[in-house]
Amino acid sequence: MTKLTVTTAQQWLDGFAAAIAAHKDYLSELDTPIGDGDHGSNMARGLTAVQAAIDGQDFAGLKDLFKAVAMALISKVGGASGPLYGTAFLEMAKLGDQDADLGHLLDAALAGIRKRGGAAPGDKTLVDVWTPVVEAVKAGSLTQTVVDDAVNSTKDMVARKGRASYLGERSVGHLDPGSVSSGYLFTALIATGVFA
Amino acid sequence: MKKIINDPANVVDEMLDGLVRGYPQYVERIPNTGAIIRSNKASMQGKVGIVSGGGSGHEPAHPGYVGKGMLSGAVAGQVFTSPTPDQIYAAIKAVNTGSGVFLVVKNYSGDVMNFDMAKDMAELDDIPVKSIVVDDDIAVKDSLYTQGRRGVAGTVFMHKILGAAADQGATLDELDALAQKVLPNIKTIAVALSAATVPEVGKPGFELADDEIEYGVGIHSEPGYRREKLQPSKALVAELVGKIDDEQHLTADKQYAVLVNGMGATPLMEQYIFTHDLLNNLGDRGIKPAFTKIGNYMTSIDMAGISLTIFELADPQWLDYLNYPVETIAW
Amino acid sequence: MKKIINDPANVVDEMLDGLVRGYPQYVERIPNTGAIIRSNKASMQGKVGIVSGGGSGHEPAHPGYVGKGMLSGAVAGQVFTSPTPDQIYAAIKAVNTGSGVFLVVKNYSGDVMNFDMAKDMAELDDIPVKSIVVDDDIAVKDSLYTQGRRGVAGTVFMHKILGAAADQGATLDELDALAQKVLPNIKTIAVALSAATVPEVGKPGFELADDEIEYGVGIHSEPGYRREKLQPSKALVAELVGKIDDEQHLTADKQYAVLVNGMGATPLMEQYIFTHDLLNNLGDRGIKPAFTKIGNYMTSIDMAGISLTIFELADPQWLDYLNYPVETIAW
Amino acid sequence: MTKLTVTTAQQWLDGFAAAIAAHKDYLSELDTPIGDGDHGSNMARGLTAVQAAIDGQDFAGLKDLFKAVAMALISKVGGASGPLYGTAFLEMAKLGDQDADLGHLLDAALAGIRKRGGAAPGDKTLVDVWTPVVEAVKAGSLTQTVVDDAVNSTKDMVARKGRASYLGERSVGHLDPGSVSSGYLFTALIATGVFA
């Protein structure tokens, strides 16, 4: 069982925000051939809002922290990624103060994402990163390789949800942008040392 | 990128401000949101509110359709990005006068999810909300297992029909039934001569050579189904009408409304020529549309191109709805 | 040249056909001419007819303004070429119901001469005809010894004012006096980001670099007064308002109507942003326009750019005329 | 006194039409920097209509011939050149059958042009070609040099009428397109041998 604390969670979010800022243009470029070219700006707008909402704040518990994160994402990102990332943090907020087990938290987040977006594994969405990562966290075996493999696995998939689905077979050969940003989320989580 | 803007990050905010300040008789903005609602509050009393919206960049959609007889509110997101649930919710609350609110959503993951979340919020407030997800773009293969088709210019007809019915006192359930019945009768398909440039991106969504066109593009520069050499207007019409005919068998004994929609940078001169060829093509099939509209109604920023919507008027009352008077900026 | 057309030689003919067949409720075409007249004949009975027109390429001008409450007829010439007197005369004859016909002419040698000849022809038929020559473009230096200024987007306000007055029964002499009084109050100036491409020419009227704009261009790609690097919208507004202020001292104690006019390829997004900056600029001068209109009203085919018209409402009744209801395709 | 006959006039018009057809693009190019780039197409449209109206027709006199020419020009050219050239031929038609003296005919035509367009010599319009040419015809001394000099004289003028006037000083350095087409008209007249 891997416990998450408010401090670690804040570190996690800082790392995620930094990664998004660093890769903003790259994420939008990924979103260009198979989407509408805005995933980087969407996420950057969202994480800027998240940082404004949590920076220098003292949160009593994970519940308050995650709720603030969720509200910032939901009200600032828009598009597909806003409700999805927002829902993920909202579901974690719901569990937050009773249950700080990372496996449980991420499990609830993924269930929320799947309910909100209706995507299943294999549909070439961020669900394809979250599913193996959450499995690995629950099994106590999350590594950077698990994350990277999950992100790369979306390259050969045919999109069935999101804008990329309009391309059908022609979506093959491109990484899914939401999966790449989710990869940064979990890379940032590993970097906190929470699994060490 | 050559545009009349200031900071690319502020285009939506400045544009909405320009719009409501220029047209205070029709619209106002809920402060600090992208929600544009009717100024004529009396016209909404006792009626079901109709709220639409989506990413910006489709002007005059959607604020241009807000006014008596059409939308009650339109929520604008960032360019090509769905608005957020809190802003949609603000519009719902503002236009609800007790009879509930009907949402017109275009079928994009983002729009569907954000409008759904807003609906959840409104229901917590006991505001009855129903919605329709418009998916008129036949360029995309449809399937139960995918996102399905995009919502594009045909959405404007949905606004008009529902707005007229709501103004005449239709209930939320009646609007829901009407929307469900109308939806499968609206089919749209587009051809692009050039892609849109999102201000924050700074370059076109795709590149077409000087003599190339692309059939089946979406309103966010989503790629289409075929690229080829530029054709005469007649041939473009034949291709687009042919595709619609494959979907929705066009016959002389039915009534149709058509929308020839410019994508933003295509002048009316070309749209009227296209219409001339369209009416000839339909004429050869024994069809004379009962209603025609030509202009920039659902654009894709500065994309050059045209979309064609054919709406089968399965119920004769729909024609009355289309002709029903409205007070809006852009219908 | 990438356009949705068939044969460049037929663009006007096909465009007019597409227009009248698409909007039979508003307009019809006098066969074998470029004269477009009102379908609603009853609305013209006993009223003075108003006929405008000019070269094509300015769509929706001028046929888009034909209808009850506005123009009785609009005569379309070839692209950027004044219509011929016989066609103007055909329109005059068709809309005269005994009260005479008033002509709205833009100040180009060609238009002035062709409309004059048509007037001569009508007078031979005992149809009383008067006319106004609109010259609102302040980019051009005015002088008694020259052609004077061009007629551009402000002409649309002239149509609206005269159309409303005619519909309310003004006589030919009253319309003449009204037009003379209105004219010096309308001032327009434009900025271009790119020039128009006349279909039969096949290339733009002038070339601007990727980062260049030109102030003071006309609606036929006539060169302007200054070329410079692309500026933010705010700066464009400052330049254009400044020029108008030089001509027509803008003061807080007067009422104004403004028209922000897209040149054809400039999306509404940019026009609304420009409007936002315009209203700020005027606001700083203590001015809040009493009437605003934003959109493609007097285009130059596919030119990118915007023109700004400021119309001083020297008579409060003019505002009522601007707000007077019309039944047209494009006002 | 130089007499014009129907046959010579038809030759003249054929020569003019041929010159316009040959220089259509050049005339439009001249009209581009200081006008709207359509003078060539306008004139070509007009002369095609003129040829359709007179080709193979038997005209009883100059009056009928010039009237047909005028109507074709007036109803097909449009723009500034249509009424101007149309008026010129209409005025000649008015004199036609009583007076076939070229000097008188062209004098009446020029008066019509000046009345219609309001341009004076020096305004950089076709009046600057017609004025010296008509003088020379009346003096019995029209040569190609008179025509060429007149056309070239427009180059250094500041336009005060027509579209070029919007440019003010910047119109200097460009030939006036209507003057060039009028040059072709008089070159075609000389080529009929009427002055020989």
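In this document, chain identifiers A, B, C and D correspond to the written order of the chains, with residue numbering beginning at 1 in each.
Criterion: contacts are C-beta pairs under 8 Å (C-beta built on N, C-alpha and C of every residue); 3 or more make two chains touch, one makes a residue touch a chain.
This one's a predicted model, so the numbers in the text were calculated from it and none came from an experiment.
J.: Kindly list the shared contact partners of chain A and chain B, in label order.
T.: Output, common partners of chain A and chain B: nil, no chain qualifies.
J.: How far is the middle of chain A from the middle of chain D, if each middle is the mean of its Cα atoms, in Å?
T.: So the centre of chain A lies 76 Å away from the centre of chain D.
J.: In whole angstrom, how far does the Cα centroid of chain C sit from the Cα centroid of chain D?
T.: Between these chains, centre-to-centre, one finds 31 Å.
J.: For chain A and chain C, what's the span in angstrom between their mean Cα positions?
T.: Result: the chain centres lie 54 Å from each other.
J.: So how far apart, in whole Å, are chain B and chain C when each is placed at the average of its C-alpha atoms?
T.: Distance between chain centres, rounded to whole Å: 29 Å.
J.: For chain B, give me the residues that contact two or more of the other chains.
T.: Residues of chain B touching two or more partner chains: there are none.
J.: In chain A, which residues are in touch with two or more of the other chains?
T.: Chain A, residues with two or more chain partners: not present.
J.: Line, ring, star, complete or other: which describes how these chains touch one another?
T.: line
J.: On the basis of the stated criterion, which chains touch which? Give every pair.
T.: Inter-chain contacts occur between A-B, B-C, C-D.
J.: Under the stated contact criterion, what part of chain D meets chain C in this complex?
T.: 28, 32-33, 35-38, 41-42, 45, 74-84, 86-87, 116-117, 159-163, 165-168, 170
J.: In their complex, what parts of chain C are in touch with chain D?
T.: The touching residues are 55, 77-87, 108-110, 113-114, 116-117, 139-141, 143, 145-147, 150, 198, 200-201, 205, 218, 220-223.
J.: State the interface residues of chain C toward chain B in the complex, per the touch definition above.
T.: The contact residues of chain C facing chain B are 2-7, 11, 14-19, 21-23, 56-57, 59-60, 64, 193-194, 210-211, 213, 230, 232-234, 236, 260, 264-279, 292-294, 296, 299, 301-302, 304, 306.
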